[in-house]
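Chain naming follows the written order as A, B and C, and within any one chain the residues start at number 1.
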């Protein structure tokens, strides 16, 4: 393939992907309340952000939920991935597998509606849970479990189960094998899964809208309701902050990851120059 | 003997039960409830129970009113068809744009690929909602793009780029593109160059090799990417709400409105059930792909 | 075996396998009614091609599989129902299976820590293991920082650390190239004998089995065809299958013509065989006579006597450097192989393609196999 053609295609798509992000950031510094018309640069909306108590409260809520969702998702996701990787044959395995992959593709509105109806029935039957933090948590955790299972699952697939056998051969009981061998080796994927599900939860608007109760507004819910009404400069400011935080995190972790890889490759290359066999 | 009994109830079975129950509670039961509610009536405050006792015998009251309404009202039928149409269009465009992209990414120098991958993932990690909102600011009549074009004299009147099919499809393609690119890239980067070399050795031109070797071998990636785009796109709500208009009919919006605006739970449920039926076939295709991936060697 | 023979000790049986059968999925019989005993201090090899059941048998000994039928006894104790972490048996895996997140030191100490050995004792044992395999300066490295040979030594040290009653080796030389293989094999046997541990090793490579083991069991399709010392299995195979499995062999099919207590004469298409030992049978019994290529002498002059030689044309010459194998087509179209050591650097003198030659062998160089 023509190299220039390839490069041009890549650049155009990247520009397409980043155009909205860049405009969001630039126009967050726009003094004019008419979002799309540039008047002059100022930090006006950032100052307003600091006083926007509704928004700040929603950030705190979203953060709290996302943190717990991350932990729950990794917990259940690891179980799911482990079960699917280790037990190739058990009663109802295909059914289990379908349930574990469904949330990945099902439209959000269906997931939201079904969960809400289930929770309402549960409420009629048991008297709890009230719609609010817990219900949003459950919804996000379901989605998170499915994603975490994929992330952890792909790591488990590459795992050498001979290591488990070697550990047992050396005196490890099965539970110890998981604690001493499988778990430490899975750690990087657990962290990835946590970050992924955290982001998913922090970002979700549909599930949160279906499942929340009075007084519980997550950040996406606040942004969404403002966005429906029209263009709003406060959103730009929030956007810029979010983008900054995320970008820094992603870039830093990518560099760290790349550096560890390089160091490891270097060590592998060095072992042959030792001379000894 | 007691050992065997212990084995049955601890270890393997407990481990399987934990996620199993989790999913049953959060996936299977809710979907069953949706089905049940779609077949019942909406009283002013609560739902009449389907199952009731009459003279000591259980009777099931099934109300097909919602479904009848769906089947006969042309607006609903149009909306379903329209949703599928937009989802197909989005999938197609994502494929046409995304496949070459993934291909070029996979062929790029090895040391650049992690960075290219990161650049695709970065927008994915930043809020989807915010990025859709950003397109609003760009596409509106007095938005950034129109203002720029007007001030440069390229156009005399603002382009109608907002609240129509154009903005909807643009937004959908924008959001779903990474979901198409990633599985394609995963598949294409594992494609053994030697297959292409073998084809060339046997006399195939570059274009022929592409059609006869590359595309068939990346079939799994194409299917995965397409399913990851098409299925959620059918029921998409946020993008049509923010970027769509009154003539872009999407079934996700209908479901939302039935539930939140009309408070008609049976109706919303019926809409959901029909939507599920529509995506059942693609979902089982995706399921098949996922289990194939799970079985294959890394 | 490579080292000098030890004085005869009274051999006690350490491992006893009784009628072990393993069936997978109700249909696939991987191991079919196998029984064997391994004496204390022996190196016992299970030799066979892929699918013969040797790996399954090894895994049954380790405890990763449970037998469908049969019992396993170690030092008199029935270990059949014991899980792997309770058996005093350790295994050295073919892929080494070193724990990537632990250092060499931690890998070797792993098994000892599971036994709750006091820390000082663990340190002592690990150090002595490191010295045994000569990796003392590599203790703090992680597996990915080691070469293949070094990784194998760590795997060996790890499997010996707990001083197991039985050591299992899964294709120990499989991953190594020829030069390294010889060196490693000598080292490996040296270490095993120094430690004095009883070994069962599994391999598909006859050279590996013959050079390392004191007893070989040839396996095929889940059963043991023959058990014996390397020379027993090689020079006195009990069946055509075993004869053909190990090394090269020429088979002459014929009938017993003369039958006596101390010799037999067998007539085959190619020639008359005079075998200098008795067999059980009778005149007229169809048998196969096996002659190994290295026992055959080629010459351009017709040999004396009427037995144990045949004539033919050289149809292929395969040069190995130190020896050459000649394929000779006999009058009845049978092709036999003869191996000659290359005793001269000038090969022009030697037999070449197309030559008419006589192949002869001694009357002690044959094995008679009943069909």
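Just so it is clear, a residue touches a chain if its C-beta (ideal position, glycine included) is under 8 Å from a C-beta of that chain, and two chains touch if they have at least 3 such contacts.
Owing to the predicted nature of the structure, the values given are computational and were not obtained by experimental measurement.
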Among line, ring, star, complete and other, the chain touch graph is line
The pair out of A-C and A-B sharing more C-beta contacts is A-B
Expressed in whole Å, how far the mean CA point of chain B lies from that of chain C is 59
Expressed in whole Å, how far the mean CA point of chain A lies from that of chain C is 55
Rounded to the nearest Å, the gap between Cα centres of chain A and chain B is 17
The residues of chain B that touch chain A in their complex are 11-12, 15-16, 18-20, 22-31, 33-34, 37, 46, 97, 100-101, 103-105, 107-108, 114-116, 118-123, 125-131, 133-138, 140, 142-144, 147, 174, 177-178, 206, 227-228, 231-232, 234-238, 241-242, 252, 255-256, 259-260, 265, 268-269, 272, 275-276, 279, 283, 286-287, 290-291, 294, 298
The residues of chain A that touch chain C in their complex are 160, 162-163, 165-173, 176, 181, 184-185, 264, 267-268, 270-272, 274, 276-277
As the complex stands, chain A meets chain B at residues 1, 6-7, 9-10, 13-14, 16-21, 23-24, 27, 34-37, 76, 79-80, 82-84, 87, 90, 92, 96-110, 113-115, 117-118, 121, 124, 138, 141-142, 145, 153-154, 157-158, 174, 199, 202-203, 205-206, 209-210, 220, 223-224, 227-228, 231, 235-236, 238-239, 242-243, 246-247, 250-251, 254, 257-258
The residues of chain C that touch chain A in their complex are 62-64, 83-85, 89-91, 93, 95, 97, 99-101, 110-111, 114-115, 142, 144-147, 149-150, 158-159, 162, 180, 183
